[in-house]
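Two complexes come next, and they have one chain in common, subunit A, joined by subunit B in the first and subunit C in the second.
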Partner chain A sequence: MLPNRSRLSVLIFLVPPLLLYGVAVLLPIVQSLFLSFFSWDGISDMEFVGLTNYIHMFTGDTVFWHAFSNSLGYLVICLVLQLGGALIVASLLTSLRRGRNIVKTLYLLPAVISTVAIAFLFQRIYSIDPVGLLNQILGWVGLGNLERAWLSDINSVLAAVSIPEGWRFTGLYMLIIFAALLSVPQELEEAARLDGASRWQVFTKIRFPHIRPVWITTTIMATTYALRGFDIPYLLTNGGPGQSSELLTTYMYKTAFTSTNYGYASTMSVFIVVECLVAVGLIIFTLRRKDEA
Partner chain B sequence: MKKTLRTTAIAAVVALALAGCSNGSGGGTSQTTDIDPSGAIVPRPISWLLSRPADGGVITVMKQIADEYAKDHPGFALNFITTPDRPSYIQKYETLAAANKLPELFDTDATPFAQKLAKQGTMVDATKLLTSLGLYDSYRPAALNYQRFDDGSLYMIPFEFQLEFIWYNKALLQKAGVAIPKSLDDIPAMCTALRNAGITPIALDGQDQWPLERYAAYHPFRTAGPTYVQNLKKGDAKLSDPAGLAAADWLSKLGSSKCFEDGFSSTGYSDAQNLFTSGKAAMYNIGTWELSSLATDKLDPAVRSDVDYFTLPTTANSVTDANEYVSPSGIGMAVNAKTYDPLVRDFLKFALTKYPSAIAATGALSPTTNVTTTIPANATPLYQKAVDQSNDVGSKIAMPWDTQLDPTSNTRLQQELTLLVQGNTDPSEFVSTMDSTIAQNAPAAFK
Partner chain C sequence: MTTQTAPVTRSIVTSPITRGARRRRRKPSVFRTLSTALIVVIVIVQVYPLAWLFLTSLRTEHDYASGNPFALPSSITFDNYARAFATGNLGMNIVNSFIVTMGANLLIVLLGMMAAYALQVLGFRFSKFVRGLFLIGIIVPVQIALVPLFIDYASVNLLDTYQSMIIPLAGFSLPMSIYLFSSFFEYIPRETYEAASLDGAGPYRIFGLITLPLSINTVVTVVMVNSIFIWNDFIFANTFVLSEGLKTIPLGLQNYIGAMGKVDWTATFAAVCITITPLLLVFLILNKAMIYGLESGGSKG
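Moving on to the complex of A and B:
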């Protein structure tokens, strides 16, 4: 229990950021919820439409559902690359004795490059005319029949816009997981090895349970970032061709700022907020339950 | 729990109040602006929110004119706030309009959104303004018509006059054994012949989407005239009408004949132009704003003597003439009625009187008829040919569809066009998707 003066000073330091958070985050969410019951183009009078926007979103808008399924695909690819890739690289790093820092820096580098630069970079990599790096490599290794315009093909474009986002943050999550792996008690691992545990058993029975809290946080971060993913798909393809790489976020942005349908865009933003909360709830529920089991 | 409820209630009330404020700045009513306001001219800085290249002719010339005006009017300055990328610009301008924060001058096309602003009295009537300044009759009718809304009203002032041609490489056409097309319907067969000769038929900037949308406008403009899109956008005509079906079929054939470069949907503006100027692509559809790249010694000597252009071909039963095609006067400039005062009027009079001769001296076409364009010293003969062509433009204009349709239908059209030309959908699917999209969105946009 803190003495009175300390409690007061804690409150003084906590309230301003809390207020800022309320104004910058909670208020816009409440405003979006309010706007989602209206039809508004920004310059005419607002018209109360009740649940019409929600009914249209759930039952009458095929693009919305297309964008939703694309968002899930984008999420899966990002998570596999970011968490899977990060875990593998971090595990390999622990067994590396020299040059750790160079490897860490190299993996972290994409996270500090600006998004626009990454989008330009990948536009060149995926290009077919002029021939980009990816198609050139495929040609060199004798897989010329796989050459294609990766960003124009409706079957490859979603993966093509997800990979840069996944690649970009792999290094960041690798650093977090690597730090967690370093904290695993060495004597436990050694004892397990003496008892004849394989590398896989050491990983699943000792290392992973130990880093589970960090893993939960990292998964939440990666999932919410991926669900809010916007910039790279928007810059690379603007959701195209057709709606093949349209995400909920890019569709919402276009609805608000191109179609000036702020009411309907707010309905989608409410959906995205709920979707993120549900995802976080599911992650915590699943991973904690395993922990307790 | 009580505390949480109370906090939520307060947040909701604040949100409601804020939303109410933003609404208050929105809906206005139409009002008549005094075109010649009385009072002293008090110099102050004014701003122009525009979507033009920062180093382009319009900004360069207007900067010089504004500096000249500022010499006699200390305290005056014209701030240029430019966003050349059109989609980004439209988002910026529409957001500022929603916040009631538009500056003294702003660029806009004759879109449904702009018409709403005009109806609300946000923009000064350009017919009245130009007439009052004694300049109306000096403008090319085609340049003014391009800026008009469907009801004939005029709220934007043009700063350019452009003609869009299909540029072609004579040597590549000869190599493939094809001649320039007499009809739009000849193009698919022409593409097949060019592809067989290993040549990319048409270079297209698919990334920006408006270039492909031009092709959607061409066929109906020839077979049904300029009123087709005016009716289509309101849902009074359909793509399932004969003109629309023929257009969808033609677009699909362009795709199946592989008219555009592989991966065109992710090719940008300069990459597409490079395909043509480097002699890889046989044709390229672009306007006279690229004369300095395509009709001067800046053009690669290897292709310079082979480059020529033809205007939009007609069709068998064309209702528009060969000299009628896309002849835009660029994005127009609107004058904000809420900030219009003696200073803005006086500056516009000064600037618009001086502008035509200054822009013509840069080698560009003026939106007026009272000046002659200066042909640059490094021009090829094509430059003069294109400039002369501007005096022989018919009265009907092929309007770009992206300035006509409501924004939601336009976005969907751009997406569906790519799928149609790539062969991912067929013409009937395309037609039915677009007709239902327009039926869903047009009523709200044109009410």
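Moving on to the complex of A and C:
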């Protein structure tokens, strides 16, 4: 604490940021909570309906549950691609002597591309007429019978909209994990190697425990980002065909701005926030516990 | 912890052998060759879609519609770029994205630095509580703000303005910026501040003459990291902006498909290439700063 500070100076530095944050983030959270107890189309009078929206969401709305399970599928695919891919590439990269920076830069490249551009790109990768990259590869390796229009097949569409999101950010998590792996003391690894530990044992007994705090952070980042995923499914399929790639976020967006049902959309956004908080709690709980054991 | 401390002591004893072992491993081992090959393959898979995007933007339409997608273009043409500029409003979209990115970054840097200064350097009784409040913004998804802000903007006539995009973009990026600045301010030695205080400098002069000039590197980091997300923002722009004249790059690109009815893919890909160039250039030039920022943003959390 500075000796010469006054209460006024603290306020002068603190109030402007709090004001912006309050208007853009805190107030909307409170408003959403408030709106979730009302029925409102934006034009006629607001009507207080109590818990009706919540009861409808949990018991009466099959689309909601469908979207919820799709969101979980989307989350799993993103986590496997982003964290699994990041961990593998980061581990391989530590054994490389030269060219680390170029690999880092190239691997991060997709993260600077806008989601609209990515949606265009993947629309063509998945396309069947003219033959897109994916179907062409399948044809070459003799899996031609798997060729399909990936975005209009209800069995493949969820995976097809999740993969671009996983691809986009895996470089970001790779960077973070790689930086953590570099901080593992070399002496530890070499000593273990001399004692006859295999590469796998070195990884599970020394490297991974050492990077666990960073692993928790990246897991939280990747999970909360995947749960708010919206752009790519919205742009690629808009939730279709049918509801087979509808996520909670796209369903909520349509409820708000296509059906202008602000009350019910707010109920869903409250649910999404609670879902994120629960997910973060669960991650900290499970990963920390292992640490203590 | 116990499993980790034991080998340390042993490694001190065996250090000469370790050095020998390190020299031995410098020979190309099977493992290293394999992992190098694997990395090369992974990087090619990761980057190929972008290379393909660029190659397609140079193809003739006929070549695109009939050819093998992996083949190199049979002839290179820049017609697609001409058509991309003729149909869309790319120049204006880029200017709009630039204005929004600059505006949001200005707020994020200035306000983030001020909040971090109040929290980290000045200190006050409820600073823990305020920190917690800002932490919420990192976890909460942006979608929660869409409906309330739409309603609020409508009542104060802010819909369809630059501010309608800048406010939520800056608001949601503020916590990460405060966090990065706070962790940097920790490294400025207390003595610097105490000496300045003894010389009679108040909190404002210390902020302007010590904290601000020392933080330039952190400012670059914060700007780089946030610019990726703000430049590419789709959801706020798509929700709050309606008029053609305010559309940012993501919206302008999306327009492409609608405007042409039957999609002119090679021209669309040319447009995509044009719009990703500014950020890509900045990224390639400043990628050290950006990579450093992304690494420290995650690993200190």
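Operating definition for what follows: the second predicted complex is superposed on the first by the 273 of 293 C-alpha atoms of A that agree within 3 Å, B and C clash if a C-alpha of one lies under 4 Å from a C-alpha of the other, contacts with A are read in each partner's own complex, and residues count from 1 in each chain.
Everything that follows uses one rule, which is that a contact is a pair of C-beta atoms (placed from the backbone, for glycine too) under 8 Å apart; a residue touches a chain by one contact, two chains touch by 3 or more.
Everything numeric in this text was worked out from a predicted model, so none of it was measured.
Of the two partner chains placed around the shared chain by superposition, subunit B is the only one that A:151 touches, whereas subunit C remains out of contact. Looking at the superposition, the partner that touches the larger set of subunit A residues, subunit B or subunit C, turns out to be C.
In the superposition on chain A, no contact is made by A:184 with either subunit B or subunit C.
Contacts of A:72 after superposition: neither subunit B nor subunit C is touched. After overlaying the two complexes on the shared chain, residue contacts for A:257 are found with subunit B and with subunit C alike. In the superposition on chain A, A:159 makes contact with neither subunit B nor subunit C.
Of the two partner chains placed around the shared chain by superposition, subunit C is the only one that A:206 touches, whereas subunit B remains out of contact. By the touch criterion defined above, A:138 reaches neither subunit B nor subunit C. After overlaying the two complexes on the shared chain, residue contacts for A:41 are found with subunit B alone; subunit C is out of touch.
After overlaying the two complexes on the shared chain, residue contacts for A:26 are found with subunit B and with subunit C alike.
Touching of subunit A by both subunit B and subunit C, each in its own complex, is seen for residues 26-27, 31, 35, 42, 130, 257, 262.
Within the complex, the subunit A residues that touch subunit C are 1-7, 9-10, 12-14, 16-18, 20-21, 23-29, 31-32, 35, 42, 89, 92-93, 95-96, 103-117, 120-122, 124-125, 130-133, 136, 167, 170-173, 175-176, 178-180, 185, 187-188, 190-195, 199, 205-206, 209-210, 214, 217-218, 220-221, 224, 227-228, 230-231, 235, 249, 252-253, 256-257, 262, 265-266, 269-270, 272-273, 276-277, 280.
Per the touch definition, subunit A reaches subunit B in the complex via residues 22, 26-27, 30-31, 34-35, 39-46, 63, 123, 126-130, 148-149, 151-152, 154, 236-243, 254-255, 257-262. The touching residues of subunit B, counted against subunit A in their complex, run 11-12, 14-16, 18-19, 23, 26-27, 87, 90-91, 94-95, 97-98, 113, 116-117, 120, 200, 206-207, 209, 261-268, 271, 275, 406-408, 411-412, 414-416, 418-419, 422, 424-425, 441, 444. Of all residues in subunit C, those touching subunit A in their complex are 3-4, 7-8, 10-12, 14, 17-18, 21-22, 31-32, 35-36, 38-39, 42-43, 46-47, 49-50, 52-53, 56, 64-70, 107, 111-112, 114-115, 117-119, 121-124, 130, 133-134, 136-152, 167-168, 170-172, 174-175, 178, 193-194, 197, 201-204, 206-207, 228, 231-232, 234-235, 239, 249-251, 253-254, 265, 268-269, 272, 275-276, 279-280, 283-284, 287, 291, 294-299, 301.
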